[in-house]
Amino acid sequence: MTHELWILAIACLMGISCALVGALMVLRKMAMIGDALSHTVLLGLVLAFMITGSRSITVMFMGAILVGLITVFLTDFLNRMGKLQKDASIGIVFTFLFAVAVILISVYTGEIDIDQDHLLYGEIAFAPFDTIEWNGRDIGPRAFWMLLLVAIANLVFITVGYRYLQAIAFNASLAAALGMTVNLIHYALMTMVSLTTVSSFEAVGAILVVAMLVIPANTAYLISKSMYSMIILSVLFAIAASISGYYLAVWADASISAAIAMMAGFIFILVLVFFSPDSLLHRIKQSRPIQCP
Amino acid sequence: MNNPKLMQMAEKRKKTVLKVDSLTMHYHHKPVLSDVNFSIPEGKSVAIVGPNGAGKSTLLKGMMGLIPTASGKVSFFGEALKKKRLAVAYVPQREEIDWDFPINVFDVVLMGRYGKLSLFSRPNANDRAIVEQALEQVGMQEFSQRQISQLSGGQQQRVFLARALAQHASIYLMDEPFAGVDMATEKAIITLFRELQMAGKTIICVHHDLNTVPDYFDWALMVNARLIAAGPTEEVFTPDNLNKTYNGRLALLTEVTERLHKFG
Amino acid sequence: MVNLFIEFWHLTDPNVVWVLSGAILLGSSTGVLGSFLFFRKRSLIGDALAHAALPGVMSAFILFQTRDPFVILGGAIVSCFIGFFFIDYMVKHTKIKEDSALAIVLSLFFAIGIFELTYIQKLDIADKSGLDKILFGQAAALVQSDVIILGIAALLSLTIVVLFYDRLRLITLDRQFAQSLGINVPFYELLLTFAIVLSVVIGLQIFGVVLMAAALLFPVAAGRYWSDSLPCILMLCALFGAISGAASANISYLAPQMPTGPWMVVTLSLIFFISMCFAPNRGALMRYLRTTRNRNKTHDENLLRTFYVICERLSSYHESLAPEQVLSVRNMGTNALRKSIKRLLKHGMIERDNTLYRLTEKGLNEAEKITRYHRLWELYLTNRANIPAQMVHDSAENVEHVLTPELEHRISDELGTPVQDPHGRVIPSSDPFVGGIRS
């Protein structure tokens, strides 16, 4: 497999994983929590590496899940015990944890091979070189396998839990009234987001994970008629962004991950302006504001 | 059975479907309800009335376990809600719903069946038939494929009622079902209530329009930070009680309860 | 390291003075402006705006090929405003929800900025190095001309706040009311937005894009624990912001290659943590102490009342009682009982009689007072709140500890100075020579 194909595969898998959980985060109005998690997961990675000295996939996953849960827990703690409003709680927890991670990295630059800037936007072009071995054979890039695992996990999670996720996203009080354990499902979703973030992280860095979580899903949100179609469309838009973004970056000789995010944004604006029910074009056609029949 | 004494005995033998003991609730550190006690017999339609901010919605949510209670006990058919969840249907206020959610009318009503499904099972033909039936009962069967963002206020309310109906519950708790609906929908809802009552179901609504209470409801719960009265409308919906509910400014009670809460 | 530290604070190096003053001004202005976001529950928009500034900086550089601070600042302000209006548009005119709108602008604009940055890095232009410092901030890179411009901008945003303080405060707390008064709300909101954008943009060089949000958020979150009055909170914001600015400048001096942004956050986190725990009234420590004090008060007063009740039954207040007798009437842990007895002895409420205890004059007065509160409240609940007599005891058990003489008078007046509680027992009067067990 050529390097270009590996990169495209990794980029698409990342888009798929992010779009799957991203759709749910958008429906639950938790986009900024997704932003928070994508930052704090860095600390999990750094600590996991510092403590175990290993960069194995399992170690990183565990570090990510742990810190993800701690983030959610601390945010809740500040909100409940510190009597601090919700938006401030999120902001304080994630900037603090991220700052600590960055300091640890700067201070121990020799020992951790994560470059300060690259942790923000990754360097997917190098991913194909970072391969793993199994039974003595080189089976391909780490990033590919991590993302494949996570994509499958997300798919299974959404398929099995579809009803619960839909009920909780639509009307949490109904879900609770029907006896669904809202907290359990909530934490499970947070865990999947943490896993998705950490595996995307190596390839595309923190901020761009947020773009892939949020932008394709919102593009789909504009035009979907069911949660099912929204998820499918999110994935399609993400794949489109990944592929077009890659070629854009090659042409401009710039960061691949940034290009992917830009294309996601471009597709979003396209749909917003031309295809969504309350788009400018539609409104001009109707020449009156949208009303319910 | 025209003998009043016999009728009274028959009333007494009716089982209690909902019993609330010494329920106290706080909301965002402000005391909302103190020491509420009442029992609702089967088959009644009950209106919960009181001024704004008096704790009516909070009472409903507390009974459903959606907000934590400070103290007290709530039992449905003699048991905790956990054991009787499927027997109780809850219809929230319309403004709490995200009407932009991508979903059509049919799927909203189908959610009412979710409580009965186990982890891996999916809704079957029977469930879908029940949904169709519920939609017919509220007169929304033509709209079943419509997106909920395209419905009017009255239509939205009917969809939520249909969802509660699809649950095949015995008790229906509703938060302001008549708020902001057109005349036709209001009449439709009342007809539905009567049908449900004939089938032995119990209906408990937070209601804002005092004028319609005696016509629409058999029972009234009058609430203003505590229970003023509970019982059949003819008995308790009196000018005296109304005065206490709407004008009785128990400033001392509120002040003391607030101090108590700060004291911890 | 220590030498460098001392050297810094001698302020002999003019560059140090410039950087320090710049950082302090920046810190205070972002702290103060951030509070307006906080009170409208929109703290996260600061994060989005900071990220939205990045493409402006990069584009300005690509277009004009200069590091001139005016140009860079101008570019940043423009792209920040574009980001702001885009968020506004999405929220007001589309079904996109606010959290998503913030995340979209944050990540998209940032991506555009990064795209341009990586593109620039491959180009052969002079001056391009160090552009990436804007991601995490570097105070040490500031030169005098930078600081002058930043300082003026900071003063400008602070001036806006001071000049229009009343209007801005009203709009922040109750927008609709402000509109109803005929105030031109959109104008002031735009002004406020301009001041916020200005603070964000000038803070970028020291705090960096990624962590800028913290400079807006932490000072007010911390200040909130100390006070309820807005002017006081704003001053604290300025103070905390200034401290973090100074600390950042200091650290940048000690270790010029380290990014300043994260250290600013760590400093602010420390301030926040201290405020959250130790601030009087709202701080966690104070709340804990208060809870313990109240719990002890409850135990002690309960004990006194139990003495009184037993004495009342025996019709004599000089009875000496054994702890077991007390426990038979009131359910109390033996440990709690022991501690309570110790406290009551210390305060002269009870006295020892061999192995037994009895009420002193002082204790009797106090016990009577508590009992009066208890029974008055029971009567109030039955008469005014329609609660049946069997249910009022539990409530009174709690309320008796929180009543004050003033409240007691009001309750008594409203009930018409009653003599008997709902259970037919005598309510001890406040006049020690009438009623009670001493007559």
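Order of writing sets the labels: A, B and C. Residues in every chain begin at 1.
Note that in this section a contact is a pair of C-beta atoms (placed from the backbone, for glycine too) under 8 Å apart; a residue touches a chain by one contact, two chains touch by 3 or more.
Note that the structure is a prediction, hence the values are computed from the model and not measured.
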Handout entry: Pair with more cross-chain C-beta pairs in contact, given A-C and B-C
Key = A-C
Handout entry: Per-chain Cα centre nearest the global Cα centre, belonging to chain
Key = C
Problem - Between subunit B and subunit A, distance of the C-alpha-averaged centres to the nearest whole Å - result: 40
Handout entry: Chain centre separation (subunit A, subunit C; CA means) in Å
Key = 31
Exercise for the section: Could you please state the distance in Å, as a whole number, between where the Cα atoms of subunit B are centred and where those of subunit C are centred? Expected result: 37
Problem - Shared interface positions of subunit C, touching two or more other chains - result: 95, 97
Fill in the blank from the handout: Two or more other chains are touched by the subunit A residues 29, 221
Problem - Residue list for subunit B, restricted to those that touch at least two other chains - result: 149
Problem - Parts of subunit B lying in touch with subunit A, wherever the complex brings them together - result: 61, 64-66, 82, 85-86, 88-90, 92, 96-98, 101-104, 107-108, 111, 114-115, 117, 119-120, 147, 149-152, 163
Handout entry: Touching residues on subunit C, where the partner in the complex is subunit A
Key = 38, 41-44, 46-47, 51, 90, 93-100, 102-104, 106-108, 110-112, 114-119, 122, 132, 135-136, 210-211, 213-214, 217-218, 221, 224, 257-259, 261-263, 265-266, 269, 272, 276, 282, 284
Fill in the blank from the handout: Given the complex, residues on subunit C that touch subunit B span 95, 97, 290-291, 294, 377, 380, 384-388, 391, 394-395, 398-399, 401-403, 407, 410-411, 414
Completion exercise
Per the touch rule, the subunit B residues reaching subunit C in their complex are 22, 34-35, 37, 100, 149, 226-229, 244, 250, 252-253, 255-256, 259-260, 263-264
Problem - subunit C-facing residues of subunit A, complex - result: 26, 29-32, 34-35, 81-88, 90-92, 95-96, 98-100, 102-103, 106-107, 116-117, 120-121, 207-208, 210-211, 213-215, 218, 221-222, 249, 252-255, 257-259, 261-262, 264-265, 268, 272, 276, 278
